[in-house]
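The first chain written gets the first letter, and so on, giving A, B, C, D, E and F; residue counts start at 1 in each chain.
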Amino acid sequence: MGNVVDKTYRDIKSMRVRGALDIAIAASKTLKRVVNSDAKSTHQLIQGMTRAGKKLKSARPTAVSLPNAINYILHTADKNSHIEPEEFRRKLSGEIDKFIMEQKSALSRIAEIGANIIEDNDLILTHCNSDTVNMLIERAWDDGKKIKVVCTETRPRYQGHITAKELSTHGIPTTLIVDSAAHLAMKELKIDKVIVGADTIYASGDMVNKIGTSQIALCARELDIDFIVAAESIKFSPQSLMGSMVKIEERDPAEVIKSGKLPGVKVLNPAFDITNAEHIDIFITEFGVVPPGAVYHLLREKFGWELGI
Amino acid sequence: MGNVVDKTYRDIKSMRVRGALDIAIAASKTLKRVVNSDAKSTHQLIQGMTRAGKKLKSARPTAVSLPNAINYILHTADKNSHIEPEEFRRKLSGEIDKFIMEQKSALSRIAEIGANIIEDNDLILTHCNSDTVNMLIERAWDDGKKIKVVCTETRPRYQGHITAKELSTHGIPTTLIVDSAAHLAMKELKIDKVIVGADTIYASGDMVNKIGTSQIALCARELDIDFIVAAESIKFSPQSLMGSMVKIEERDPAEVIKSGKLPGVKVLNPAFDITNAEHIDIFITEFGVVPPGAVYHLLREKFGWELGI
Amino acid sequence: MGNVVDKTYRDIKSMRVRGALDIAIAASKTLKRVVNSDAKSTHQLIQGMTRAGKKLKSARPTAVSLPNAINYILHTADKNSHIEPEEFRRKLSGEIDKFIMEQKSALSRIAEIGANIIEDNDLILTHCNSDTVNMLIERAWDDGKKIKVVCTETRPRYQGHITAKELSTHGIPTTLIVDSAAHLAMKELKIDKVIVGADTIYASGDMVNKIGTSQIALCARELDIDFIVAAESIKFSPQSLMGSMVKIEERDPAEVIKSGKLPGVKVLNPAFDITNAEHIDIFITEFGVVPPGAVYHLLREKFGWELGI
Amino acid sequence: MGNVVDKTYRDIKSMRVRGALDIAIAASKTLKRVVNSDAKSTHQLIQGMTRAGKKLKSARPTAVSLPNAINYILHTADKNSHIEPEEFRRKLSGEIDKFIMEQKSALSRIAEIGANIIEDNDLILTHCNSDTVNMLIERAWDDGKKIKVVCTETRPRYQGHITAKELSTHGIPTTLIVDSAAHLAMKELKIDKVIVGADTIYASGDMVNKIGTSQIALCARELDIDFIVAAESIKFSPQSLMGSMVKIEERDPAEVIKSGKLPGVKVLNPAFDITNAEHIDIFITEFGVVPPGAVYHLLREKFGWELGI
Amino acid sequence: MGNVVDKTYRDIKSMRVRGALDIAIAASKTLKRVVNSDAKSTHQLIQGMTRAGKKLKSARPTAVSLPNAINYILHTADKNSHIEPEEFRRKLSGEIDKFIMEQKSALSRIAEIGANIIEDNDLILTHCNSDTVNMLIERAWDDGKKIKVVCTETRPRYQGHITAKELSTHGIPTTLIVDSAAHLAMKELKIDKVIVGADTIYASGDMVNKIGTSQIALCARELDIDFIVAAESIKFSPQSLMGSMVKIEERDPAEVIKSGKLPGVKVLNPAFDITNAEHIDIFITEFGVVPPGAVYHLLREKFGWELGI
Amino acid sequence: MGNVVDKTYRDIKSMRVRGALDIAIAASKTLKRVVNSDAKSTHQLIQGMTRAGKKLKSARPTAVSLPNAINYILHTADKNSHIEPEEFRRKLSGEIDKFIMEQKSALSRIAEIGANIIEDNDLILTHCNSDTVNMLIERAWDDGKKIKVVCTETRPRYQGHITAKELSTHGIPTTLIVDSAAHLAMKELKIDKVIVGADTIYASGDMVNKIGTSQIALCARELDIDFIVAAESIKFSPQSLMGSMVKIEERDPAEVIKSGKLPGVKVLNPAFDITNAEHIDIFITEFGVVPPGAVYHLLREKFGWELGI
């Protein structure tokens, strides 16, 4: 069993498996393998799952979908700890399959809602590269809406190029800008909607996303442009209910300038920033259109048991 | 004479001579050469100056310091059109020398004022690369103020690297960030002041500067950080009194992505954006600390004669 | 049966029956008639109800209370599809009666809450004509509060005249203004509260109401005046959870100018506009005082089953 | 002489002569007639002018162009009180002619500047009916700019119909809306610029204009749309330097509803409201593009002598 | 029994017992005494509890924790009215003990969450004196966070001195300022977080707290400083669901100036003010981090039964 | 002569002479005494004046009226350095008398303008104690306006008591509040205007006044209440043109708490704070109603010669 867990652990750690959804699914499938191991008692099975879960969670501490998936499955295991091993295996396998299915259908539900919100002839600005956002933009296009998209290049790693390539290949007219041109583009091109993804969403309705998101949100507010976040509920942070915030990752200076190019100059290279709830109009989740003030109760519904509230 | 004019024309056009001040001085010196040509009458001298001025102005239509310098000198010539050629040459040469001197002393006056405004331990954010801003930051440092500077890299041409290198070489602790990290840096590092240069300043108090400036100004307003523009009055636009605005230059897409890298993706690459007067706290000019509402009268004082007001 | 359904359909279409509450009740009573028809099986009864519901819903596609009432009753029918026809008739009739009763009591509950919120000597501004708003203002007056009301005339159809007449007839000192005088009246007369009705309320907390409402909300925010929306939950839009927004109705130009009066001039005559959640302080509903961020969960509680969430 | 003065007085009072410019010119021409009367001494001429001026000013106390014109001419008379009658007549007549000429050329200068500011394909919203605004929009159209205009109907007197008719007759695509649709039109149609006239402009940069202007300005700020006021300097209020504000005229209720139609309902019918300086981007005057903060010094330049500052 | 109730009544009225928690506990214990009286029937027991509750509630009508505790216990009694007296006593005693326990653990839960939110080196500003706030600040300090606190003196009763003394005695570096220095301190000292308590929290997310809180919240918004309210859910106002607001207490003028010191000068001495939901970032409650928009549903969860919603 | 200078120096230093106007007059009169000393040459007279001026300026470095008066008089002396001693004495004495007269008449001019701005039934809030503000409020009252005033107590030195006493003795209905009640009073009592004085006014339009002023300005902006500053131009800071700002004075902790009362608690007791230009509607000066953007040119008019601009 250890081998399976170790492999998933390494895949997540090395980012061979990446993306909130793929990470959650990989971890879930691994736990399903553990459930189906040949331990003699339900107690031993749960112990094995707990050990595996702990190991897996350590692979990428800042990816909130990882502990969310694992904790949910362990919680389900606990609720069934009184069942005989055979039935436990069947029950848990079923629950894990259902959980995986729900995560996958969340994406298509979000795409469906997003495509409803996008109107014909909309000009959309997005930042960085989000599978969720791309899927919903493509869905709107496939529904026959004549939309156009403006992508920021998203320094320092240029994820905006990936977005531009994907949307453009899909046939959607796509324009690329440098990050500094976001305000001008929003004002001069008369952007209709800003749609971005999220890394982590807090109980307060604030959210963590790629560096640069918060200043785009400020510009959208100034110009009264809808600022929309598309994200599955697996990105909600239960720990934020208890006031624990994600530590903003500081990344390698070499992403910004080649090492040694500007000796004596320090580089600050934060990966994410925080966009305030008051600058977000709506979240699109698999539970529909959610205003920031409603994230709290959704979080409690899904993950409140973790905290006893 | 044509040779001298042509050479300056080519130098400005090819950007061998660049920077608002250097352009203004090059044009002024060229006109001084024209004044000292051997035409027989004052009338002919003025005709020669007018021709030369017209040619020079066409070298870089969007650099406001160029017509400002030339128009000022031609205006001075007109006022002295009744004088005999010999005295006209002497008078005009003196006036041009004085004009050049004033432009040079403007820079050091701005540096002096700026260094007064900067306080010990200030953390300053700047965008792009402005000689005026660098000079005043260095002056504050030389005055013994223990300041630190954060520079944006300023995509697509990375002029922030030049700024970082210059300030860092001067001994000032300097940090480089991507443009998208401006908001986070302002908030998390607790930036004290944003100081930027200007390309063109309008009668309304709005100003044109490197793409990205306007969204930094929005962030500064949100966080109640002083947003300061350092610029010589040679950058004031007399035409803005008559409602004529600078056309924002659209630059080569290849600055953003190598040609052919993202086929089908359009690139929008504006060089400048406009920062609203209401987001600017003060201009530092050679006429002291100027709030946006006071630019109008300074403009009329200096250039109102062009428009008969 | 068809006759009854057709008549209600025509009454709603021709606006002989109008107002969110009256429409909902008329449709509910019609479905009760269908339930009590002499079909032989529960299955046939439900088929009849479904057909009738579909027809009725088409009478006025933008009146959200109509599908809300019908869908709720059909949902109740579905839940009881296993019951024998006789009992099904009794059960459904009872449920429909209860539903109608709840809608009626919603109005008086809102009036009661609204009258609590209104304070003695309050000066209230309202826009257009809302039965709900009028009832709560009159309730406050009947409770002995010495209030005054300012009504906008509400071009182009002057519904403000109806409001003014009704309140004035009730004895309440009432002042009429043109729509353009709203900002001045709010500022100079020191309006205490703005209270308006709603046509449709979205999951996001945004709401649709008579054209002009959104700019009154902006003025209220500028002046820090409470902006209060009084509306029954039957006006919540379940479709907004899925991102579907009401299409703003464009009405007959002749409401604005007599046809032919201004040849060559186009008329734009939208019936409604959208007020952003951030400009709304509270909704008064039969579920109490509800901030915009809490509409989402109320909507899910009441109508989430429609969408499987 | 009294006949001439009386006739002008009656023309202005009865609004046969109306519009800031026409009133100023009528008063100026009347004073020119008084100057050319056959009084024996300069002293008597000035006395006659003073009497005539006082009478004329009482014809319409709130039209600021009236006292501005008269006071300017009387001030010029005072400065020339030492001159012999014959020369005084010649001098004053010349000065009055020059003053009239300046007022007329102010209009065309404003139109020229305004047409520079309007860009090709601009969608412009205006409120009420201003000759100055119409002239500048038509000038932009005649310059070949493909613009469109949205006019509010401007209740209660529907001056927007006059604007719509005039612009439409000029060939400009024109759309009419009710006043309440301003916010929706600005947002949904993506209005580029709001351009309105002014009745009176204060030293503070605040301005008085037709009721409804201030709420349009608020909407423009919310949406970051340029809010532009086109007005000749004859509308600047010297008394505002001393803190005296215009009394907002309360007009006949019958403009709003036919008398007796809504017994018991009071009507509030203010003619004007005040737009705050902070909601105005620029004034277009014959002295160029003027930000609100610069009105103070223009006022002192033109009228400061009235107040000894 | 009367004696016990009377004593608690007097203790609360005279403020010998004070603080939301202590009041709730005193009332709860008193009702437990009443439950354990020797009445013969459950009906009589409930009657006694109702009488006692009514008396106790009148002791301090504005302290919302008092009716909240009593109503909760009476509600629990009602639900058990069908039980025999002996078991009723046992059941109710247990429920009351549990209720008291929950109130106590709420405090420590809030402290735990608050300590998570406070970051190392934070500079915190607080106003007035709140046990909840003090406890969470001390918890953060005890967790090893090197924080500093700025306390306002909180005129007129100087409760800030109590806060300063307590925190300082705990070893936390504490600075005292006058209330008027709050804005300067927030800006110049770069306060990281404002944390205050609450007296009453409304369904709308607005909250009532010590006079001066609302202007500190405005300053925090201007400077984009987190404004955090720490309060147990016992301070939620169920009546606010029905639109009933707390009457702001007007206190003795002698708290402000000695009687007779300024004859002819009136004193206005309100004890509390209202901070708008839009100026509050989060509430910290025993149910975790709660944004203002989520208070409504928490209120309904806990106290909705009082209002039948 | 030294005696006279020393005495004035001591009077100013010890605050026996205080208030911007009284300080300026005392210094001016002292220089007049020096002018009339028996030096033999104009050169010697100017040397004496310069020495005296330097000494006097050191008496209270932060009182801007002191150097303003002295520098003005020394500047006048310099311009007349070519005149013979006798005439110099006469000329300078006259100029100084005129200067003193102007300062005195400035006050009454401001009172006159302020009384124009105050409207009948206005409710005015003021902070701290300003002779200029009191004079203009009393002038409005004497003009028959039925106004009322709310004074903050102005901790820590309670200067609001002086204001309350003076206005109340004048017969004006006056209410006293603690500083923390400013926001509530502005909102609940519906304050019409906030009027405060100033210590120093900057070229940027920002101004320095008693601690607490800046947060009152924020509240006024939030509630859209006019925020008016009444101040003579002698309070304009010429140094601010060069970027030099006043150092905010930190005063004795014993003003806040008795020494030793709260051992271990630090006290921060700043005397002043800075109100941003954007939160000020107008300045009332002897040059009329001045918006913040116009201070720059007034400053240059009056004091630009000091800086060579």
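Basically, a residue touches a chain if its C-beta (ideal position, glycine included) is under 8 Å from a C-beta of that chain, and two chains touch if they have at least 3 such contacts.
These figures come from a predicted structure and were not determined experimentally.
> Among the remaining chains, which ones contact both subunit C and subunit F?
Correct list: D, E.
> For the identical-sequence pair subunit B and subunit D, what's the CA-based rotation angle in degrees, nearest 5?
Subunit B sits rotated relative to subunit D by 120 degrees.
> Can you work out the whole-Å distance between the CA centroids of subunit A and subunit E?
Centre separation, subunit A to subunit E: 37 Å.
> Once you find the CA centre of subunit D and the CA centre of subunit E, what distance in Å lies between them?
Here subunit D and subunit E have centroids separated by 58 Å.
> Could you list which residues of subunit E touch at least two other chains?
Expected reply: 205, 222, 278, 291-294, 297.
> Can you give me every chain pair that touches, using the contact definition above?
A-B, A-C, A-D, A-E, B-D, B-E, B-F, C-D, C-E, C-F, D-F, E-F
> Which stretch or stretches of subunit F touch subunit D in the complex?
Touching subunit D: residues 112-117, 205, 278, 281-282, 284, 286-294, 297 of subunit F.
> Flag every residue of subunit E that touches subunit F in the complex, lowest number first.
Listed in rising order, the residues of subunit E that touch subunit F are 150, 152-156, 161, 164-165, 168-169, 173-185, 188-189, 210-212, 214-215, 218-219, 222, 248, 256-257, 261-270, 273.
> If you look only at subunit F, which of its residues touch subunit B in the complex?
202-205, 240-245, 277-278, 291-297, 300, 307, 309
> Quick one: which bits of subunit F touch subunit C in the complex? Just the residue numbers, please.
Within the complex, subunit F touches subunit C at residues 187, 190, 222-224.
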